[in-house]
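Below is the structure I would like to discuss, written out as structure tokens.
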Amino acid sequence: MGVANLGLYNQAIILFAALALFTSFIMLAQGRMMPLIFTFAWQGLLLAVVSVLVAIVSKHPELYVSAALTFTLKVVLIPWLLYRLSVQLNMQYDAEAIEHPTLLLLGGVALVIFSYFVAQSIVHLSGLATRNTIAVSIAIELLGMLLMCVRKSAVAQVIGFMSMESGIFFAAVVSTYGMPLVVELGVAFDILVAAILFGVFFFHLRDSFGSLNVGQFNRLSEANQPMPLRDAAGEHSSGGPHPPGEPS
Amino acid sequence: MTLLEVTLLVPLLGGLLLAVVGHRPVAGWINVAVGVVTFGAALVMALEVFARGPQLSGGRMFYIDAFNVYLVVLTAFVGLTTSIFSRPYMRHEVERGRVTDRRLRLYHSMYQCFLFSMLLALSTNNLGVLWVAMELATLTTVLLVSLYRTPEAIEAAWKYFILCGVGIAQALFGTVLIYFAAENKLGADRDDTLLWTVLHGSAGANLDPAVITLAFVFLLVGYGTKVGLVPLHNWLPDAHSEGPTPMSAVLSGLLLNVALYALVRVKMLVDASLHTNLAGHLMMGFGLLSFTVAGLFLHRQHDVKRMFSYSSIEHMGLITFGFGMGGALATFGALLHMTVHSLTKSAIFITVGHACQLAGTQRIDQIRGLIRTQPAIGWGLLIGTVAIAGFPPFGVFISEFLLLMATMKSWPWLTIPLLVGFGVAFAGLFRHMQRMVFGEPPPKQKPVEANMLPVVVHLLLVLLLGLAIPGFLSRWFEQATVLISGASPL
Amino acid sequence: MDSELTAWALAAAQALLFIAAAPLLAGWVQRVKCHAQNRAAPAVWQPYRNLAKLLRKKMLLAENASWLFRAVPYIVFGAMLLAAAVVPLIAVNLPSAAIADMIVLVAFFALARFFTALAGLDIGTAFGGMGASREMMVSALAEPAMLMAVFTLSMTASTTNLSVATGYVLQSGLVLRPSFLFALLALTMVAVAETSRVPVDNPATHLELTMLHEAMILEYGGRHLALIEWASQIKLMIYSVLIVDFFFPWGIATGFSAAALAVGALAVAAKLMLLAVILVVWETVLAKMRLFRVPQFLGFAFMLSLLAMLTHVVLETGG
Amino acid sequence: MSAAGGTPLLLAYAAVASTFLSGAISLFAVRRHPGFLHFGSFLFLFLSGAASIVAGGWTLLGKHTLTGRFALGLPWLDWHLRIDPLSGFFLVLLGTLVVAISLYGPSYTREFARGPAAQPLPPLGVFTALFVLGMQVMLLADDALVFMIFWEMMSLSGYFLVVYQHQHAANRHAAFLYLLLAHVGALVILLSFGVLAAFGGGLTFDQMRAAELTPLWATIAFACAFLGFGTKAGMVPLHVWLPDAHPVAPSHISALMSGAMIKMGIYGIVRVSYDLIGDVRWEWGVVVLVIGTASSLLGVLYALMQHDLKRLLAYHSIENIGIILMGLGLSMIFLGSGHKMLGTLGLIAALYHTLNHALFKGLLFLGAGAVLYRTHAHDLDHMGGLIHRMPLTAFLFLVGCVAISALPPFNGFVSEWLTFQTALQAPVLKNGLLRTTLPIAAALLALTGALAAACFVKAFGIAFLGKPRTRRAARAREVPAGMLVGMALLAALCLLLGVFPTTMIQAMAPITQLLVHEALPSAAAQGWLWLTPISPQVASYSAPFVVAAIVVVFGLGYLFLKRGAAAPRRAYAWDCGFGQLNSRMQYTSSAFSQPIRRVFGGVWKVDEQIDTLASAGPIPRVTSLHYSLHTHDWSWLRCYVPIGRVVLAAANRIGFIQTGNIHTYLKFSFVTLLVFLWIVS
């Protein structure tokens, strides 16, 4: 059924979902720190709004709770936390150069198509008129992951992580009117703790690496590490012909 | 209050208590005491379950059946023995000044919280809570990995955090999808729809295949990351090698098991609703890949703890392969292998911890002549390695024997890669082992204070399992096997 | 029972005759050789005189000769005695032939060689070691060739019992077997090598570079030397008798009547004399070859015996 | 099992129990009181050996087949044990060696209690016991699980014994290689059992016997078993571990390893192919024959090039395993083409040689140990002249040499003679190819025998004869009585088995009855004096006569020559007028084998160095000249080194996964996720 013959609320849902998807794209393209954080907050806001709308449409009061959770976490707490941290680590002005942004965005588009293709097989279950927003939620999640894959800065990675979370939340909301309460609370709690830990880690990282550029972390690399020494190989069956076995 | 509540609450309260007094000398003992209580409760509870069969408790919040009860006992037990080991170990670390009081407090409290989260993950009846507990396990161990605050430790912890976080997120998505599938089959009382008992009951059979398949993919990638399946394993060696050794012991001894437990639970759901062997095949592929790749990695290690973490990946791969193969024999073997692997591997890590303190380094090429300097440690390491390499009369051999037999029965040609894998892994372990254990020790290498009791106990248990599996234990395994594979090996 | 007894008595007698006649053969060869190389020839009895002289001589031992060194001559002689006892000289179907078959016969030679070589090493002189090492090398190559040749015969006669085999050839009359031709050649070459004659070895020389057998027994004297010399004469005799038995058994006695035995004795004597002449001619026209040419020589022998076996399987049984 | 008949099994249990006790004693008592090793541990070892001899012999002679079960192992699979003539035979073999080493050990292990080679004693005792225990129970095993458990236990404790003197890198390398091949071999055996179990529907040997295999799977099962057990037996080209591992173990352990452990490989082959699989195919026989021939020939050729006495003996183990395999191969060929009697003959020859080799190889290793004990020399060129200093040892070692060189009247000859006789029955076969190949194999066996004789002339001659080459050798003394008794026991058995083969073959009849339901009635047809395997017309051999003849010659010699003659005068050997002969003028071991090295050129990879030290000056004259010769094993260079290289190269390449860059890791999981999503939808 097309958008035209849906109720206003549903149209609004679809609209906001689309906007949320758009915000992920912005995050993908946004190199500077502060705007990134704000965009993330915006995305949280949109999702919260969507859950409120769904709650109204589907008469599921408990969705208000999850909307509230989303709002407090994704719009207030975490962005504020990140903001404070980046001010303290005075990196609010630094920006990172994204290599081949166009390619990245095209990749994002491809991901959206892919997630639509994936969602195709399952949407028929949902009774909702706005079922295709499931595809959007998957897309948001994957885009978050893409963000983590390409961004060098730890903060960016955290944001990517969080937007994955929000994508999942979104999926829960639009597909099944949210999860059971206990689960929602647990998840929220975990995310909160995670955010705080991330904060702690920023300092550790800064102290031990001097920057938050996780791209430089390769002390534990094995790729350019030689094989164990020859005499170690001497103990191994390829130790080559060895002198006849008389000890001494 | 029921035994289960004791089992869960004691570690939690212990963690909180230790958060306050964790830096005192007595903390080590408190840690042990908590472990003892937990283990006792778990054991009694296990006997109850063994007597009366599966039981629901806490308003259907918790479900204990043959499968998870023995994992609960195992977790409590290894937690206990490791805490016994960690007392002298951490003291030595404090003396070497690698750990301050604050971090010692953190260590002790996080240790117990970690145990709590794993016990929760095992005993819960709710897939959502299972996920929450798994995430909690990650969060509690992240700070343990970075305990030493060296750049390597921080880096390892960060990778651990990010990779497991992402993985776990996928698992959450999978859970959501399962909920989605379940919810529109049995839309009524929404809070029950994630309950394992409900899903795996009659309702589970007719969940929508498409959604379940999708869900399984997300869950496999998610929990598979924590199991350490190649190519999602990259966090594991770093975390094991950089964290304090007791933590490595519980990580590879327990956490991997718990993650695998979650995976198997999900597989049971999927098999019930899918009626194809898709899940099994995916797990077999993953398992075999991890098994072989990890075996190769063993050869190129310079760091002893890192090496053994790869061996953990290898064995997890084998177990996953076994569960994926399904069938009574394979499942029994996999369950047995879970047990003996976690016992043996934690014992090895305990010994390795002492060995590293002895030699003052983790670098393989600088550890020498252990068997001369401190025979207890040398022999412990040697016998542990022999056991983990799958030599009889140790239990690992029995489970590998069963797995090979099962493979020969259903997938004869897959025995060849398994064979090669075993050979390669064995060579990788021993070429390093011999140089550390044998030979002349460096001039001024002194024995250290070591408590080898846990090692002895673990290895004796493994030996016992190798020679004869006690009746009740075998019946547990059998019940679990029936539960998972639907058939009995007997 | 009575016939049993006489049979055993005959067997013993034959063995004694065998060892008694061995030096005679050696003497005959020596004499013919001298004539062939137109030198003044010693009497045919010369070997007996030598043995008697050696037996009378006073013993002289190297100062670090061990008990083994003194035991070896007896072992060697014993082995040769046994070998002589099982080879049918003038009569077949003697019970003593059952003691050992062809393979055991070869093993007796090996036993003698083994201990001779040890004796060579015992004193610790360079010559002893050299002789031992070379002798073992030559024998290692000669033995398979010989066994191969013997196997051909035994597969034809489907037995490894010497006497039975001889009897088989005898009663199957004159059959032209290509395998036997090759086997004969191979066996002859091996015999030459084993009895240390030219071109493999030269029993007459004591030149260090050419010595094989002599180098091992260089330190022996007196009765020990006598036993060893005698043993090697017996060995020569055995090989000759083997050749004539297998390939030209005619005339050998099958029954124990006096006449038959006499005929057998005469026949074998004649055949041996003839063979000795051939040997002499061979030794006279050929020159001793370099040590490392010997492997080719024996390799050729092995090839021949292999050929014999193959022709037997392919042509004679039509398998 | 019948009440009276149960005793052999109980005896076997007793043997196992006392082995266990011996281990326990060394574990707990020896650290404080080393005396316990000598008088506790070895005492129980002796008892265990004796018990297993009695048990085995009883089963063998009484034709019993007894089974027992223990509620151990897997919940649905007890431990099944069974003793039958075959395992009884091998128990006797094992027990004999165990008795010998338990007599020999107490004095020998004193070397490790103190002095340069000092080592902690408890491990030695414990792992010796476990080693024997493994073999004993493995022989009793009647299901795959028990078999594999104790098979691996044998290998593993063997590893600890090989690496016992772990200060030398060479020992560690040898032990590693040994354990690696043992482990892989065991896994291959496991596969073979896996096939049988898959068809038989269970892990017990009874179920496997009942299994109906298709020819293909039967061949696969056989191939796996042959490979696995062959690795343990040390057949070419899987033998590389053997010459490294056996020499570096303590000598009484080397005796056990070469004497008993590698025989367990033979046991396994016989058990699986004749008993479990059942219908033997002649194609298998051809393979076994070819590999056997190759092993025997290469084994002896490599042995000839060695100058380390124990290493030389180790290579001879490969040779003898080859001969045993030839016997087995012949037996398979004949059985497979329907000639039961000849198949039986081949089997008997193989088993007989197995027993013989156990005896004389044990004897030789103990002798080498005795030499090592006094001179601390492994290298032949550091010995010499020992026959004067240790005459008894020399005599016993000589017995071993004669026996292993297959010379009458000792036991080695009998079994090789039987193998020859089997091969010579080729004409009965239909297949022309086989008819020609069998005699050729026999001829190669003859070559092997001759080369072995050469090799042992060298070994004995260089080590015991001539003049002492080092001061230590010159100062050597006779070894303690215990060691001599241990060796003498084996030497006596060598002679006995050589002189009374007929009786022995009669005693072995139950084995062949069990395996191929056939015996050799004709063997003893003419009474104990004559051995006539097929028929008196075809072939006969009488060892007693040989002994008698040699004794007679000695007697006559004494009577007529020695008696009355003046005592011999001693004088210096002729020195060509160059002054005193000294020990450096003697042939060395490599000089002795040089002609053979030139003849069989390409068999070895020889690297030969002559480094001379010339003094400065107008005319440089060589002041010192050092000659060193090493022969390397082609199969090592051609098979194992490349494999090792491949593994290491793979391990090297695989490193790229672990880049250390978190983005790569994230990409891994991202891609994995996408791929799976794509697969499922």
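For reference, chains read A, B, C and D in written order, and residue numbers begin at 1 within each chain.
Just so we're on the same page, a contact is a pair of C-beta atoms (placed from the backbone, for glycine too) under 8 Å apart; a residue touches a chain by one contact, two chains touch by 3 or more.
Because the structure is a prediction, the values reported are computed rather than measured.
Without chain D, contact groups among the other chains are A, B | C. By the document's definition of touch, common neighbours of chain B and chain D comprise A. Put simply, the chain closest to the centre of the protein, by Cα centroids, is D. When the interfaces A-D and A-B are ranked by C-beta pairs in contact, the top one is A-B.
In this assembly, the chain whose C-alpha centre lies farthest from chain B is C. Measuring from the averaged C-alpha position of chain A to that of chain D gives a distance of 65 Å. Work out the mean CA point of chain A and of chain C, and you get 96 Å between them. If you average the CA atoms of chain A and of chain B, the two centres end up 27 Å from each other. Between the CA-based centres of chain B and chain C the separation comes to 78 Å, rounded to the whole angstrom. In chain B, the residues touching two or more other chains are 158-159, 162, 166, 210, 214, 237, 297, 299-300, 427, 430-431, 434-435. Chain C has no residue in contact with two or more other chains. For chain A, the set of residues that touch two or more other chains comprises 118, 121, 145, 148, 214, 217, 219-220, 222, 225, 227, 233, 235-237.
Pairwise chain contacts present here: A-B, A-D, B-D, C-D [touch as defined]. Taken in their complex, chain D has these residues touching chain A: 165, 167-174, 176-177, 180, 243-244, 247-248, 306-308, 311, 378-379, 605, 630, 632-633, 636-637, 640-641, 643-645, 647-648, 651-652, 655-656, 658-663, 666-667, 670, 673-674, 677-678, 681.
Only residues 384-385, 387-388, 391, 394, 398, 402, 405-408, 413, 417, 420-421, 424, 426-427, 430, 432, 435-436, 439-440, 442-444, 446-447, 449-451, 453-454, 456-458, 460-462, 465-467, 530, 536-542, 545-546, 549-550, 552-554, 557, 561, 565-575, 581, 583, 585-587, 591-596, 598-599 of chain D touch chain C when the two sit together in their complex.
Chain contact summary for the complex, chain B toward chain A: residues 126, 128-129, 131-132, 135-136, 139, 142-143, 146, 149-152, 154-159, 161-162, 165-166, 169, 172-173, 175-177, 179-181, 183-184, 190-191, 193-194, 208, 210-211, 214, 237-238, 241-242, 297, 299-302, 364-365, 427, 430-432, 434-435. For chain B in complex with chain D, the touching residues are 158-159, 162-163, 166-167, 170, 210, 213-214, 216-218, 220-221, 225, 230-232, 234-235, 237, 278, 282, 293, 296-300, 371, 375, 386, 389, 391-393, 397-398, 401-402, 404-405, 407-409, 412, 415, 419, 422-424, 426-428, 430-431, 434-435, 438-440, 466-469, 471, 474-475, 477-478, 489-490. The touching residues of chain C, when paired with chain D in their complex, are 55, 58-68, 73-75, 77-79, 81-82, 85, 98-101, 103-104, 106-108, 110-111, 113-114, 117-118, 120-126, 128-130, 132-134, 136-137, 139-144, 147-148, 151, 154-155, 158-161, 164, 218-219, 222-223, 227, 291-292, 295, 302, 305-306, 309-310, 313-314, 317, 319.
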